[in-house]
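Following: one structure in structure tokens, then a few remarks.
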């Protein structure tokens, strides 16, 4: 027992020595990422989203051009950097994707619940991603500033914080396991610290993003969904309160960060 | 249980609409748990019962660490839970260990089975191990030269017993040495079997392992 | 015939730099689906471009070009207002042309 | 003027390539050189493109990163300002199909192209300039492909 404790103390004191060779690898990766910026396939989804926004569709044969994303009907520019926020018509705090589904239901007559239950990348869910890409792109270069004036918005921040630190599952992981400290990596990928402001706001401000590894466009809902998959948690519902609360927590923490969405990611 | 559910639903409705007065921190804690319970569903092998927290998971679910007496209790219980290897055989084949260390798969809802034979150990996600692998994470400390740094020349020598046992214990239940460790409890949670753990031990401690060159 | 391309043609001195993004799966024919069946190859084989109606660019591609392909080339003597038309043809015979103006 | 030359060269080359390949194209595009895209390694691929033994040359420029964070998208470019260059090709040695892309070079274009390719693993990448006199000049670089993300 004593021996064990001594050994444990030794192991704790003993810190890694070999981070030197990493410098060149990090430089190489930085160079690679820079080369990719010239021509981000997210533009294809942005163009598709813009066409979908203007097109008369759905049972009501209407466009989304009068959709209220929080800054009044039809205002797209600047909406992304203030979401998630509270909406009186649905009496809910909504993120970009769940708000788009509400607009598709209210204006175009689509079945919102059916869209929410559609797997990512299929049917109308794929259209939601393209629409989200278009809306996000209209705020590129603007700075995040989520409203916290409504009590429901403040409460969602507090709940989101608790969801962020909720540890569970067979691996004992929480969002905070990977995103609670500065300067950490998984493999070669930098992990943004999403737990505070100022933090790495760009972690929140890059999605929707084009995923190089699978050639897919991912919105924040799918980003969070795959985080939870890797966290070895059960499946979070599309636009469930936990995912929206996390959006509020990360978004408020990203205050002041410049939006670079839609970005290009590994 | 049923009553709890109903209360939870009422609370969520309140949280979404916004209540008249700001809720207390304790009330927010309860609402957050209700949100967790209502937001997830079973998918494949990943069932909602994974959200039932044990003492350690619950105590380590905050921005700050739990109180000292809770830390002590978690660590003591974890230490007592460690199952030492059958026959006192601690080391396997470092080559198999390296394969496991590279493999980040297992236990997600896209994995077919939760059996240890279908799981990797995900070590490189968080640790540097063999220096030749440049794609490694930094959430945990570097393990390059782990055995060498600890002066392990012969892992069966009694002089090496302390570090050998500590390493096994850390792999079996990391919380025995740090209550809120970020590292999974590979043995305790049934993620890896004894032989797989022996292979990882060899990767770290075998003088012939590339880690100790 | 696929989704529209994104073509950016920017005048730089007496040239125009053309950047094209195409929406295409670019299946290699090596990949297996979740049921273990090989997904057949499906990829763009030929890309051509014209400048004010004159063919100027031609490329032949294999399965190794990335999904949602990107290509960059530079046309001599092109100026703002000129028309660039890009066309791709894939191994199934699907085809798509899109037009852009040099800015 | 340019148009006519380009068009003529296209059809002539298509015929030559088909002759080299020795088989009828099974693909939608008649000009697509099946044999060249089936070839393995630098030497065989260049041969299948109808050129002689490849020579390394400083006159050919290959742009590629040292490390690719993901092999699914690796940005690569090729350029060669020598007179007499007819085509520029990009090759990835260890891919199931070595030849990735062939670009026609003519007076209407700068002899410089960029695209993105998939890489199955760490490998040498080549930019090859095919000249009118049958010579093939190349530049090479090893690109490391890393494992990324959580790996699950």
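We call the chains A, B, C and D, going by the order they appear; numbering starts again at 1 in every chain.
The criterion applied here is as follows: contacts are C-beta pairs under 8 Å (C-beta built on N, C-alpha and C of every residue); 3 or more make two chains touch, one makes a residue touch a chain.
Here the structure is a predicted model, which is why all the values come from computation and not from measurement.
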Using the touch rule from the top, work out which pair, A-C or A-D, shares more C-beta pairs.
A-D
Suppose each chain is reduced to the average of its Cα coordinates; what separation in Å results between chain A and chain C?
30
Whole-Å distance, C-alpha centre of chain A to that of chain D, is 38
Taking each chain's centre as the mean of its CA atoms, how far is chain B from chain C in angstrom?
47
Between chain C and chain D, tell me the centre distance in angstrom, where each centre is the average of that chain's C-alpha atoms.
16
For chain B, jot down the residues that touch at least 2 other chains.
108, 110, 124-125, 134-135
Could you list which residues of chain D touch at least two other chains?
67, 72-74, 116, 144, 146-152
Overlap residues in chain A, where contacts from two or more other chains coincide
25, 38, 186-188, 215, 229-230
Considering only which chains touch which, how would you classify the arrangement: line, ring, star, complete or other?
other
What chain-chain pairs meet the touch criterion?
A-B, A-C, A-D, B-D, C-D
Can you tell me which positions in chain A touch chain C when the two form their complex?
38-39, 41, 43-44, 47-48, 210, 215
Per the touch rule, the chain C residues reaching chain D in their complex are 15, 26, 28, 30, 45-46, 51, 54-67, 69-77, 89-93
Quick check: in the complex, which residue numbers of chain A touch chain B?
3-4, 6-8, 10-12, 14-19, 21-22, 25, 86, 91-93, 150-152, 154-156, 158-159, 161-163, 165-174, 176-178, 183-188, 191, 195, 228-230, 232-237, 240-243, 245
Which stretch or stretches of chain D touch chain C in the complex?
2-3, 6-7, 10, 27-29, 31-33, 37, 72-74, 77, 92, 95-97, 99-104, 106-110, 112-119
Name, in rising order, each residue of chain D that touches chain B in their complex.
67, 144, 146-152
